[in-house]
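We just call them A, B, C and D in the order they show up, numbering each chain from 1.
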Amino acid sequence: MASLIIKNGTVYDPANNVNGEKMDIYIKDGKIVEKAARGAKKIDCNGKIIMPGGVEIHSHIAGGKVNSGRLLRPEDHKKLVMPKTKLTRSGSGFSTPSTFMTGYLYSKLGYTTAMTPAMPPLMARHTHEELNDIPMLDKGSYPLTDGNWFIMRYLKDGDIEKAAAYAAWLLRSTKGFALKITNPGGTEAWGWGKNCKSLDDPVPYFDITPREIIKGLAEVNEMLGLPHSIHLQANNLGRLGNYETTIDTIKVPSGTKNKDRQTLHLTHVQFHSYGGDSWKNFESEAETVAKAVNKTDNAIIDTGNVTLDNTTTMTADGPMEYYLQSLTHFKWMNRDVELETAPGITPFIYSPKMSTAAIQWAIGLELGLLIKDPWKVLMTTDHPNGGPFTRYPRIISWLMSRPARDEMLEKVNAAAGKRSSLASIDREYDFNDIATVTRAGQARSLGLSETKGHLGIGAHGDVAVYDIDPDNMDPSKDFKGIEKAFSAAAYTIKGGEVLVRDGEIVKVTYGNTYWTNPHVDKSLEKEVLSDIEYNFKRYYSVNLANYPVQDKYVKNPIELKIDAQKVGA
Amino acid sequence: MQESLSKRCTVASDVVCPFCGTLCDDIEVDVKDNKITDVRHACRIGTAKFFSVLEEGRPTKPLIRKNGVMVETTVDTAVKKAAEILKKSIRPLLYGWSSTSCEAHAHGIAIAEEVGGVIDGTTSVCHGPSVLAIQDVGCPSCTLAEVKNRADLVIYWGCNPMHAHPRHLSRYTIYPRGYFRERGHQDRELIVIDVRKTDTAKIANKFIKVDYGRDYELLGAIRAAVNGNEINAEVVGGVTKEEIQKLAEKLKNCQFGVIFFGMGLTMTSAKHRNIDNAICLTKDLNRHTKFSIMPMRGHYNVTGFGEVLTWQTGYPYAVDFSTGYPRYNPGETSANDVLQRGEADAALIVASDPVAHFPRKSVEYLAKMPLIYIGPHHTPTSLLADVFIPSTFVGIETGGTAYRMDTVPLYAKKVVDGPKGVLSDEEILERIYKEIVRGK
Amino acid sequence: MIEVNLITGRTIEQGASMEISKLSDEYTKATAICELDSEDMTQLGIKDGDNVKVSSVAGSVIVKARNATQGPHKGMAFIPMGPWANSITGTGSDSTGMPPFKGIDVKIEEAKAEKVLSARELIEEVYRGI
Amino acid sequence: MKEIILTPKELPDVGLIAETITPDLFAGKSIGKIASLLIFAGNQRKKLGDFFEVAGKSADDASDTRIVIKGDITKVKMVGKGTKAGEIVIEGSAGMYVGEEMRGGKITVLGNVDSFAGQTMRGGELVIKGNAGDYLGAAYRGDWRGMRGGVILVEGNAGAETGLFMVGGKIKIKGNCGTFAGVHMKKGLIIIEGQTPERAGAEMTGGSIVVMGDTDILPTFAPVNEEKNPEIDGEKLKGTFQTYSGDHAERGAKGMLYKFV
């Protein structure tokens, strides 16, 4: 494997407290090393900035729901196509790009890792098949546990250890990385066309509340010692006045502790910071939510920015997608998954002229700017829900430049200025902040900060270089230049290999898929397995033997073995 | 596999049946001396498929047409010839795919992209119209055990599972006991809507006979009734207004309803608009209760081909790579249209039999062009082929991924070895691909 | 001669025999048939098992008449999907991709003296000359 | 106005994709440059000049450029795609997608056109002297916003699903129209001077369809009243019309069907 010296660049590596220092980075055997290796290839980055490769904690890039979104939207695919080249496969899709194209597009932005957040366990094989067809990135996926009958019953019975043993089995069976919870309880209620409207609204026939599910799974997560915390999409996404549920939710797992990271990752909080009781008086409650995040030490969030595009919404929150299509009358897919969850999909046009969309745009930015500690707020669009990930450079320009935001505030519906605090916020991100919310913080939240999201010794040789000279560029003024530079990495280097040069793909690789494998006490596992066997025969539509994802479905796996044998012992 | 009886006799359990989109995964197959001796739990057609690997005179050697006669050749020569035909063609059609694995699909798509061809699946002549409808209005659906556990009202419209998906009713919909339907079929009502009293209709609680070609009007009238609007006719499609209104009330008042539909809707007058209206009815019903709808996908992996093609190109069938990027428009880029317009100049047919299942005019064009066929049996298509490379049976002699009609993916495992020297579709296609890119 | 509406589709016999082999006698037996309503058969003056000629604008084919078991459906004929049915299915797709496999206007005449071809014979006769 | 004359040579059976034939791309180009524009013949990247004799002169501005195609181009797809200004005259029949995504200017076809003509049109004028195929002035697959503006005039007949998901503009057919005219229509006007067998306005929620000849009206349309010499979207119609509202399969549908009596 080639060795590299990345010379003369200005480095932003917040995890190692390197904030805009001119220094050289050495890579050998795919990792960052202390000294230049003999014969190493030099890359001169004079007048450029250097960051760790981008890390994405929440982006719907693979799996049944994503593919249903693609199927649903030929008109979206016609809008953006990539022809085949000597090096790369062809593809199509603006809001839901095809797999090969997804990898290329992320790589062009300087990203080297992306996690897909919502995998119905029964469909896990599908998610992995797609992940295998996404080049350029390290990947992983989170099995959904929100409406899981086993989990709900164990938690209801107060049998937290069995719930943990089941969760361990589920991660192993799906080759999943972390526990995802989407609209806890609400997805099972959706089996009957209903929903859970507050944290204490019980799930029909299961006699358990969303609050109990979240609390229980947070405990399960820490009991198993998983790298990432629970990854939660709170109840009431997109509903008026939902900020109260959000603030309530942040407090639920406050009893759980972890010394290295949060115990709750609350996702795409833009969609959960809504005030008002009718769409006419819809307003931002981002300030209130940001305050709650500032106060807590157990939760961090990602933003879920709205980018004002014609996009495709997709979530395991079936009732929410139903509600959304009932407002727009657009086409709508629903895909309830037996005993597990209930994804839905519908297109959405965030028109800048619409007051709602303009306010949603403002909320995403407010969250980023009002949460004081950049380590507590990660930049996402909940791709493709708030907009496609290809808009990240634009969001970066908004975060770094008040004039950029002012220019937008002029263009979009005036409600954005009136019913959010965005117009009054002066804060502008610096490159260190950007590196935190797009890399370092994401890696830390995932529990992968040893190897990802930084440029210290031993880290993966994943590096992004952008054509920005920090000494001669004022991001606040030249926000268009910022957007342009972040749109096409000067270099994207992954595992020490140059994949992108001057915004063009120069090499195609397939990264690793991360999955976690916690082992609990053997006798507990046996007990839970016999329970699983009993219920599978009766209530699933597939035989138990055909459920777990076979090894062959994971290309280049990285199995994170976790000793959790104290559970049940 | 567990050992049983003698050393050479094994029982493979949890085998996935590679016949229809029901994708039963509870089959048991007895194997002795690498021969299938018994098949349990499968339906009549599934059983026939497992035993068909034993067909006498099954082709094991590739054939190439020389001076009008098919002569035996080696796999290498056949692969080279196939690659040559595809490279020479300026608009090849790559068709079929429903009866092979997703692993094979991926190689097929790579070939289509490399040679700038049109790739289409049997969906085109099956649930293609359903796809067009879904793309226009969406599709509220679910996996099959949702039906098993919750459904109290099941409708089969324009489909006849007793013939085409024989275990559908017993595994997923009517007969099984479910979590919320402990008494099985006693807890459910079955309605069949069709132009004739099919064998499925005969076991229904209610059979509604619709006039041929009037499904669209009937669907519209039911929607009007569900939505509280007047119907401006006394009889629609042979069904009285009162009966339509009663049916609408029944649909609104069930707890969990589902519509399964088949070729009786996709092939009949109005085609995709029948499905469109049926999906919109399902959407309307979700304002009142929980309702889902699902196409009865025919071949065991027709769904899988759509999935792979969609994630790799963005579109589920009828994809044209001639401009270097995927382009899609059934009616233009679909197999029968390309053929009947005379726009293809060579064809690669895999895991399907268009000569048996396409209209005569399409086949006339197929017969005129260089034709490559890959499949395990001699078929009407192999009879017209210029290159025929026999392959193994996926799910019997070769493992591979398949997607059930509700898009649940399963691994269809191998239970016996294929005939000596016979490669899988996946291997053959990979070799053709390598031959095409060699030297490029 | 009668004029009826033809639909084509699956039967379990066609399905099972197809999996055995489309070149088998079982397949011809299961698929080279036309299910007719008893009233229509009476009108034609034929009985179960007699050969009939089915013609559309696209062509014609000889198949065995069978009593419809999933009837009654006077005025409607059913031929299982396969090469016999497709000898008479029409052209075009109304620009949807889906050819007309159901709802074809056909004429049916008794053809007791004519032979039902096997799949192989049918293919060779119809297409080999092309 | 300056004219560029394209005379088709032998065209391949596999057909051509010629989205480069539009005044917007011809304007300001020399004959040689125009002849070297990209055309796909199957998977072959070819030059326009490989299939057409190119003569005449283009103007600097598209709006002053007229393209005249002398002959039959039934095998050629996408002529005039995205045209914003200028004129195209096809003195024969044309292939699929004529005037696709057209925004302005005028395209005249003296013969027939194949399916998908005027797909997702936004403006301009498309005149077809012969017959049109299916999906005239329709949306692309999956798009719920079809034709948004402009005028399509067909002097012969049109096929199925004319004006699918139409949200604006006008389509006028002097002859007969196939099934499902104006299906899913939301806005705009379709006038069928001949007959249309059935299902006009299926699932429409807005817009107007006028049928002068025979038609079977869906049972989900409700008779409203009789109107004399109505004026719809600026079109003055002569005679008495029975009006129907629908399609009441949809909730709150406000589509109008005018049937000549």
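What we mean here is this: a contact is a pair of C-beta atoms (placed from the backbone, for glycine too) under 8 Å apart; a residue touches a chain by one contact, two chains touch by 3 or more.
Nothing here was measured: the structure is a model prediction, and the numbers come from that model.
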Ask   = Between B-D and C-D, which chain pair is linked by more C-beta pairs in contact?
value = B-D
Key: Chain centre separation (subunit B, subunit D; CA means) in Å   = 35
Note = The distance between the C-alpha centres of subunit C and subunit D, rounded to whole Å, is 40
Query = Per the centroid of Cα atoms for each chain, what is the distance between subunit A and subunit C, given in Å?
reply = 56
Query = If you average the CA atoms of subunit B and of subunit C, how far apart do the two points sit, in angstrom?
reply = 22
Note = Residues of subunit B that touch two or more other chains sit at 132, 135-136, 321, 323, 328, 330-332
Ask   = So which stretches of subunit A touch two or more other chains?
value = 72-74, 78, 330-331
Key: Contacts with 2+ other chains: residues of subunit C   = 94-95
Task = Mind listing each pair of touching chains for me?
result = A-B, A-D, B-C, B-D, C-D
Remark   = Given the complex, residues on subunit B that touch subunit C span 19, 44-45, 47-49, 51-52, 55, 124-125, 128-129, 132, 160, 162-164, 166, 195-199, 201-202, 212-213, 263-264, 266-269, 271-272, 298, 317-318, 330-332, 334-337, 340, 353, 355-364, 367-368, 377-380, 383-384
In the complex, subunit D residues that touch subunit C = 115-116, 133-135, 159-161, 178
Query = In the complex of these two chains, what residues of subunit A are touching subunit B?
reply = 62, 64, 66-68, 70-74, 77-78, 81-84, 89-93, 96-100, 122-123, 125-126, 129-130, 133, 190-193, 205, 322, 325-326, 330-339, 345-346, 538-543, 545-546, 550, 553
Inquiry  = Give the list of subunit D residues in touch with subunit B in this complex.
reply    = 12-15, 17, 40-44, 77, 96, 115-116, 134-135, 140-142, 144, 165, 179-180, 183-184, 199, 202-203, 217-223, 247-251
Task = Please name which positions on subunit D make contact with subunit A in the complex.
result = 139-144
